[in-house]
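Same chain, two partners: chain A is paired with chain B first, then with chain C.
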Partner chain A sequence: MKFIHIFLIAAIISNFNFLKADEIKTENKIAKNLRCLICQGQSVYDSDSEFATSLKLVIRNKIQEGLNEEQIYSFLKTKYGEWILYDPVFNRNTYFLWLLPILIFLAGGAIILKKFYIRK
Partner chain B sequence: MASLIGSYSLSFGLLFSVFIIFFSVRNLRDAEILDKKIISFTFIQFFFVVISFFGLIVSFINSDFSNETVFNHSHTTKPLFYKISGTWGNHEGSLLLWLLVLTLFISIFLLKSNQQPKKYRIFTLLFQQIIIVGFFIFLIKTSSPFNYIFPTPNEGLGLNPILQDPALAIHPPVLYLGYVGSSIIFSSALAAMVTSYVSKEWAKHIKKWVLASWVFLTLGILLGSIWAYYELGWGGFWFWDPVENVSLMPWFALTTLLHCILVLEKKKILTSWAMILSIATFALSMSGTFLVRSGILNSVHTFANDPERGIFILIFLFTLIFLSIFIFIFFHSVKEKLENNFFWLSKETSILVNNWFMMYFLSVVLIGTIYPIFLEVITANKISVGPPFYNKLILPFLIPFLVAMAIGPNLNWVKSDFKDKFYMTMFLIISFLLSALIIKQFDINFLINTILVTSAFFLFFSTSREFFVKKFRNISQNIAHFGFSLLILSILFNNIFSNEVITNLKIGETFKTEKFTINFENIEQEDEKNFKAIIGKFNVQNLDGSSDILNPELRIYNQPNIITSEADIKTNLLTDKFMTMNYVQNQEYFNVRYQVKPFMIWIWVSVILISLGGFLSFFKKI
Partner chain C sequence: MKSKFIPLILILIFLITFIIFFKGLKNSNIYTPDTNLKKEVPSFELKSFENDSIVISEKIFKDNDYYLMNIWASWCIPCKEEHVFLMELKKDDRIELIGFNYKDNFKNALSFLKDLGNPYDIIVSDKDGTASIEWGAYGVPESFLVYQNKIIKRFIGPINNEDLLEIKKITR
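Right, the complex of A and B next:
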């Protein structure tokens, strides 16, 4: 009985630790994708400013509340605006940002192909 | 006194531009031989700029605070080395350095090009003079390094401490050699179009300049990266920061041009493309200066903000671009030989593929850097474009690029039989197994990482093999490509294997993780000439029983009053151990960041190998 008891506690603790390690990983991942708004070109993760420190706490709390990564991003986006996200959202404003490089790549490919067909 | 001399020699230098342009135009109509006067005048102009530059250096060494630039960027307690490097650690001085290199390079060009047609040399000089005059006016009108302040202040404002660093002291000159080298390529391309000299001979001659600029640009970027790694305190070496991107863009263009010139020196094809690249490289270098100096970019590096200066550079840049488009349309004639030029599996095709991908990477970085600026102007929406964007758009395309790079150099010019199929397939299989084995150990996305590492290994093996097969034939290209594979491998492994913790510790506290224990033993204070240092002593015990002592530092500079954090890094062949500590306001604990970063040194080594490749190619006889 005692053995099971200890085993259970051990399982809970290890499980808790495991969860925590996972949470820290998500927290870091999120912090790396956020701009520290008061710094000059640093992410929240990399900065030690007060803003970044408090934002890290906010992220931790939100994770513990059970929000997933996407939900946290959209929460921060409504609070601070898109400026905070290093990964620009794909929407009307950013169609060109995401698609123009791809279009240029395709156009380049087309030009090279054309060269072959004309030359032959 | 030194400032006064410097200021006058700048004006004299500009005066000589008038002489040079006058005699060059006259010489165009006259004789068949280049007028000796032109060469002498070019040297005299260079001489005046040198005097002016030394004038500024002397003012900095003497801490002559009647000079506004010295007052703003220096301080009597600063070490001599940083007084000198302070000369170009600011807007005015760095532009004077640009001008110095501009005049230096055109002098070298005139000396080294006596085998080339006279008209072509004069036109190159003329176009270069347009750029030089632009910079003279820019310097004298909007950003004179020799402004006088009265009454003379007793003490200067000091140089930003994060710029007081050996790597950053030589970073601007090296980078500028690369940037400004592209101006010669630009002028010479325009001259070659005007005089219909775009040919194999031209390619052979300009290749040296392309190589030299490329080597300097590569090393300049490397120095900046190394500095960011140990000085900015977050342990990264590349953040896709706009100012970093701005140096990477000309690098992409120049790398593309380098490969394109390799084709052009063998066959007269792709001439228009080479012209466009020559113009683009310089335009990108100039806009780099514009973007950094105007303060449009929100970035760690922007240490001089002034929109008015930005407008001048912008107008100047547009003038040059319009001039080059005009010349390209009206003077450039495409007379390429059309017979049996391209085959599917030829070296030329692989170079075209290289150009294709390079242009794609360039466009990603270009669009990612300037799109947010345009969006903000048009819609008032502020967005950030950071590492996730670049990773998503660049990494998938890196895979075919690496594979093409492995196969390309094994193809012959014109047509190849692809006889190395066996080895290549073997390498591919080995690379895949090796990568799968490594990636399996980690809790990361298996598919994309395995494919990425596989393609990097594939290039690594195939370039390694070439050392044995080709021996010293094409050694320069081989070293550069091998270096590139090593670079990608090191970056990937560095990302995958990195391990880090951030924690708050008081003196005497211990922090434990599965892999190491950090023991914060004590702190010491030291007084240096221009800062006070708080040095932490940390003992990190690893799992295998070994331990490291790390001493990260906090520096409190006197002028300007700024606290910086100096990382302590223990480097060996396999890993870097990186530690910084930061002061937390009104608390008795410190914020400590400890990172284990594998293969860090190999990132630097591989970039040095890449530039070494270019350097060796410089001495190759064609």
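Right, the complex of A and C next:
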């Protein structure tokens, strides 16, 4: 009987730890992808400012409420604007930013093709 | 023919890059958020500052009244600066002041109000700062002007005389 008790308690504790570890992982991941708006060049994860500590708490609460990563990003986007996200969203303002590397890559490829293959 | 073009193109590329970077130098790299947003007031349930009763946002903000939601803390030095203007605003009966006591110690906050006066009609305490995040706040002090359940203007940092005049102009 005692053995079963200990086994059950151990099982419950290990399960809880597993759940928590997963939550902390996503919490940290989200915090690393957010810009600390009142610091210079720091993510929310890196910062210990009052703003960042509160924001981390909000992220934790939202995860516990059952929101997924995307939902939390869009929630924060409505509150603080796109600037809080490190990853710029693909829209009218950022077409150039996203497409320029691809264009340059294609142009470079075209030059190489012309130089080495077409001449022969 | 070919050798004439290449230096010209190089100079052109250099010039364009130079102009872009030179213009970029003059841009401010400090992020300034939009202060004129028409956002809905986020709903909250917070503990009252004076006692442990729960205050619900829907019961505070009513239509056709102006409210200034002010985030403050006793440990915040600029809050002392703006307090004079909040006391001035208290005299105006067209606007109600809501205090958001941000991550504060109750005793310190109480003595802060005792020393400088209490301009607020209602004070709620935001112990962990999460409710302020819901408002999209950056820190203390910060104020939001609310009308018809919408945030019509926000003031980041301490309120000064100019802001005071602006608030009075809006609420007139």
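Operating definition for what follows: the second predicted complex is superposed on the first by the 107 of 120 C-alpha atoms of A that agree within 3 Å, B and C clash if a C-alpha of one lies under 4 Å from a C-alpha of the other, contacts with A are read in each partner's own complex, and residues count from 1 in each chain.
Convention: a residue touches a chain if its C-beta (ideal position, glycine included) is under 8 Å from a C-beta of that chain, and two chains touch if they have at least 3 such contacts.
Since this is a predicted model, take the numbers as computed values, not measurements.
When the two structures are aligned on the shared chain, A:50 is found in touch with chain B and with chain C.
More residues of chain A are touched by B (comparison of chain B with chain C). When the two structures are aligned on the shared chain, A:82 is found in touch with chain B, with no touch to chain C.
Once the two complexes are laid over each other on the shared chain, residue contacts for A:116 go to chain B alone; chain C is not touched.
In the superposition on chain A, A:38 makes contact with chain C only, not with chain B. Across the two superposed structures, the residue set of chain A contacted by chain B and also by chain C is 50, 81, 83. Across the interface of their complex, chain A is touched by residues 31, 33-34, 102-103, 128-130, 132-136, 138-140 of chain C. Partner chain A is touched in their complex by these residues of chain B: 234, 236, 239, 241-242, 298-302, 338, 340-342, 344, 352-353, 356, 359-360, 363-364, 367-368, 371, 375, 379, 381-389, 392-393, 397, 582, 584-585, 591.
Looking at the complex, you find that chain A touches chain C at residues 37-38, 49-51, 53-55, 57-58, 61, 79-81, 83.
On chain A, the positions that touch chain B within their shared complex are 32-33, 35, 40-43, 45-48, 50, 81-89, 93-94, 96-98, 100-102, 104-105, 108-109, 112, 115-116, 119-120.
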